[in-house]
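Sending over a structure as structure tokens; questions will come in a sec.
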Amino acid sequence: MKSLEVTLRDLREQGRKALVPYFMAGATPDWTRHVEAALVGGADAVEIGIPFSDPMMDGVVIQEAALRALEAGTTLETICAQLSQQRFSAPLIAMTYYNIFLHFGLERSAGRLAECGVQGAIVPDLTLEESEEWRRYCDLHDIATIFLVAPSTTPERFARLAAATQGFCYASARMAVTGKAQGGGDAARVVEAVRATSDVPTYVGIGITTPDQAREAALDSDGVIIGSALVQTILEGASPEQTEQFIRSFRRAIDE
Amino acid sequence: MSQHRLYMGAPSPSGHFGDFGGRFVPEALMPACLELEVAFVDAWSDPEFVQEYRSVLHDFGGRPTPITYLARLSERIGVEVFAKREDLAHTGSHKINNVIGQTLLTRRMGKHRVIAETGAGQHGVATATAAARLGLECTVYMGELDTQRQALNVFRMELLGSKVVPVTSGSRTLKDAVNEAMREWVTCVEDTHYCLGSVMGPHPFPWMVREFQSIIGHEASEQLSERGVGVPDLVVACVGGGSNAAGVFAGFANTSARLVGVEAAGGAAVSNGSPGVLHGMKSMLIQDEHGQIEEAHSISAGLDYPGIGPEHSYLAAEGRAQYVGIGDEDVLDALQLLSQLEGIIPALESAHAVAWIVQEAGRDIPRGSTVLLNLSGRGDKDVAQVREILRGRS
Amino acid sequence: MSQHRLYMGAPSPSGHFGDFGGRFVPEALMPACLELEVAFVDAWSDPEFVQEYRSVLHDFGGRPTPITYLARLSERIGVEVFAKREDLAHTGSHKINNVIGQTLLTRRMGKHRVIAETGAGQHGVATATAAARLGLECTVYMGELDTQRQALNVFRMELLGSKVVPVTSGSRTLKDAVNEAMREWVTCVEDTHYCLGSVMGPHPFPWMVREFQSIIGHEASEQLSERGVGVPDLVVACVGGGSNAAGVFAGFANTSARLVGVEAAGGAAVSNGSPGVLHGMKSMLIQDEHGQIEEAHSISAGLDYPGIGPEHSYLAAEGRAQYVGIGDEDVLDALQLLSQLEGIIPALESAHAVAWIVQEAGRDIPRGSTVLLNLSGRGDKDVAQVREILRGRS
Amino acid sequence: MKSLEVTLRDLREQGRKALVPYFMAGATPDWTRHVEAALVGGADAVEIGIPFSDPMMDGVVIQEAALRALEAGTTLETICAQLSQQRFSAPLIAMTYYNIFLHFGLERSAGRLAECGVQGAIVPDLTLEESEEWRRYCDLHDIATIFLVAPSTTPERFARLAAATQGFCYASARMAVTGKAQGGGDAARVVEAVRATSDVPTYVGIGITTPDQAREAALDSDGVIIGSALVQTILEGASPEQTEQFIRSFRRAIDE
């Protein structure tokens, strides 16, 4: 079992719902300070978005963040270099599209991520079927490969994905790309489908915008992922302190 | 040329052509891709479906398109050129072959809506056309820049009853329209089919679109036989995503004919690209050193795509087909040459293939060779643009 | 319907269809008309020529054009409508049939140059196309107003290697372009053929052009038989000069089918005109009380002609065919309807015929009738204009 | 033999080359005064153009004159009314397109023309083959029907046209519509072709622009017709006196 999963299972055993915020690396110069602030605010793990020119699974907010990051010259290497300069108090999870790793070299990517403390990777366009080679290198470097499931996932795939995912299973709350949304979507049903086949921690993401939504999602699941809503505040100029407050408000909601 | 391997059959079960192809999509779309694969395999082996596809293309689409011997061009360049006239198909290009297949399949799958991406608007207009015919709802995603450059095509789609959504992300052109269509597909995959416009995207699209386009090559092969020309020495087609090329190559992949795909020099995924993953497929892509996809640049909107269909990447890797690049200047010259010598104004895309033939006649193409040129579309859509450019010069 | 007379055979030796037709040209042109008549009669009875004409139309022109059953329109209006798809012919309309015939004849007569008139540019582009193919020189006369309104078609002709001469006399539109072409023909008749664009002008043009266009009707008749539809109850076509109508009528003139020609209400030579002589022929014309020819007014440039071919005047006088007028508004509606229901954007000209069918379905056309609609051309040339009009409204 | 032909044959017998100017009726308000002036200046007969909207055999000058006449409301009837108000000292010849007469009524046209002193008619788009009915009515009213021959006319047609024409045979000097031109064109050959088959007076027209051209044309023929060159001066504002001078200069040239 990967280190990430050990940590996250521990969390669950402690009865703590996981709070996992997403940051686009390089979208602002002080992005690592936002990561730290989130940890102070109560995040249990952090997704580090590595920008890609064609983010097929992302809505406008994260697209915009990626664009800014790319314009600022962000690359996988600059990100890793920045991450290497400090140690974070919670696991980091890289999130990006497959082409970034493919181009950097699969083995080299996994190694470099591990070097700078990354313990998991989410590659939304890498299907289970295409993931074998990537998983092999991740295994070598103790990187958990995290898979998504969606409301459209079939029972047979729920079983295979839940079995394959490591660290946690990323349950899409709705049929949508990342972005802000209302309501709880299909989260409960999706989580239940995962649980029917596996005891891997299952976190809900996609469209969780408010603390209320997060509270509700956490009720049915083991944790929540906050992406666009957070990234938007940062794009709009939020300070690390504001990020800390932001995270704290979600923390409070899911801990209720 | 002796061959041991058979080309252009079905891909591997996971949708690979050698190292290329596959499926690289959000999990949310996987069931739709799998459903589509099953539906396509089922339909394509159902004689009734195949018959309907053929008869719609015959009665509505204008097939078979003829083969025209280009007598004056041939005399001029010393090579015997036969043109497969996809410019005469309904809506003005080969795009109709694919959309007829996909819309019939949409209906068969019980879906009542299609979405599509489009660059200059050719595939969008074709999809809107096929959707109108079957009474399917249709929404077309088109880069905002392209909606401005091709306002008339936007109006055409609207006339045909489709909704056109300008895409404001990224470079606001074709590549982003594909991203956006994929994103939208995630939200409506239940009742909506994504009618992809070329031999690209996740499995089964590259294979399915090639199959729907292979009618070009099969017709051409039969027509050339009937004329006593037999197997041509070369088969030449322009390549954007690669659907017209795949369609015509399919008729000759297992013959002695040399296959040549002509890319826009500013978007030559095979010549200047490297392997990568985009839009659901692994293929040759134009990208920077960090794996960021670059914008293609071509005078012809239809070739303005940084990738190429995965089967072409495979054919290139195998050496079965060859891919070359042609620059904008030569394309303009070729468009004028064909117009004046043959009374056919080709699409700028198709003019790339003409330009390469003219350039290589007597060089890479030995004198006296027979060449099958796939004339993928008509130039009517391009004359305003060509006029501006030529005016700017004089 | 019982009939004793045979319709649409050859005219009288002097070129008359009943009271209409004939030759009303300057003496300087008489020898050319006579020479042309002899050449045409000779060629048209020469199997080799006919074979060449057919094979060029097949290999280059895209014939046979299909018949499309318009399922959704038929359901909507309660009448079975079959469309003959001249919009799929090369250059986008039936005009190619005529110009292929005439340019082949030009070469056979040993002439190396053609001139032509054009209104919106359809016949001009077709002539330029056919001339390019045979390497004939080509000059097209076009009203100055039309060269401005249809600048892209001017460019198309130039791309095809033709010279376009703006005509500044009179109303600077089609009627004057014909006058000017006739005047110019006087000066160069020795080595130049005047490639007239419709079933009009002096004998043998109305007859010859009808013969070259009759391939439409003969194909359609055979295609409908093959489909088991047999003879339709009605055959409907739009009428400018009347060439597409004559072409399709020719396949059904001696059957029980009702023949209906749809004119633009603002240029309805049969309904609102009177007999007169213009452009070398006697026919029905729109003219004032003093015999001055009036300008026609129609949304569609191709029907903007104050006359009609003499054979139509004859068929009307005989009661064999019926001619009706349709206004611009109904045409716009019909164009949108066909686009949305069938995925075919018709030319504004052709939309007149659609409009009449839609208007009369269940009235003058009994429910359940079978109707052959001649879809003379595609609407691509018109979308910019239609867009402006529809925008102006909303 | 029609009166016109008797007159014109007399002229020839007197050794006088005929000078026949063309006027567009109604092109200027004082057009009949120009006709009178031409007679004073030495014209032997006058062509009266009746404007038609689509003058297929006319170049830009006469087109423009027709346009002005039509815009001024000129019709066959207004012309006849004006002609009826005076008697001219030389024969008048109507020249127009067939549709004008057809519309007015063929018999009525011939009758009305005759009433106001017109003795001949040139209808350039009425071919010999189509002219039978018109000629019948002209015969009834002593109107000579004048045919044109052209450089392209075949020997067989020369014979038939020369036999059919009355008054004179109109020999086109060149393959062109009315207008100004240079040189003598094919006049000599055309006139010779007519003479080879008939002794009808043969006048040369089309493109005779200068007195020199007229002199040369008159050498080979029985007379000359001056159209566009004259009409243009009138369109440019020439007075009847200037028309008289204009005609006189041609008179002198052909009398040399």
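Note that the chains take the letters A, B, C and D in the order they are written out, and that residue 1 is the start of every chain.
To be clear about the criterion, contacts are C-beta pairs under 8 Å (C-beta built on N, C-alpha and C of every residue); 3 or more make two chains touch, one makes a residue touch a chain.
Note that the structure is a prediction, hence the values are computed from the model and not measured.
The minimum number of touch steps separating chain A from chain D is 3. Chains making contact with chain A as well as with chain C: B.
One simple way to say how far apart two chains are is to compare their mean CA positions; for chain A and chain B this gives 37 Å.
Once the centre of each chain is set as its mean CA position, chain B and chain D turn out to be 66 Å apart.
Residue numbers of chain B whose C-beta contacts span two or more other chains: none are found. The touch graph of the protein chains shown is a line.
Chain B makes touch with chain A in their complex at residues 14, 22-32, 34, 169-170, 175-176, 179, 182-183, 186-190, 274-280, 282, 285, 287, 289-293.
Taken in their complex, chain A has these residues touching chain B: 52-60, 63, 67, 70, 75-76, 97-100, 102-104, 124-127, 129-130, 147-154, 157, 161, 172, 175-177. Looking at the complex, you find that chain B touches chain C at residues 58-60, 62, 65-69, 72, 85, 88-90, 92, 128-133, 135, 151-152, 155-156, 159-161, 335-336, 339-345, 380, 383-384, 386-387.
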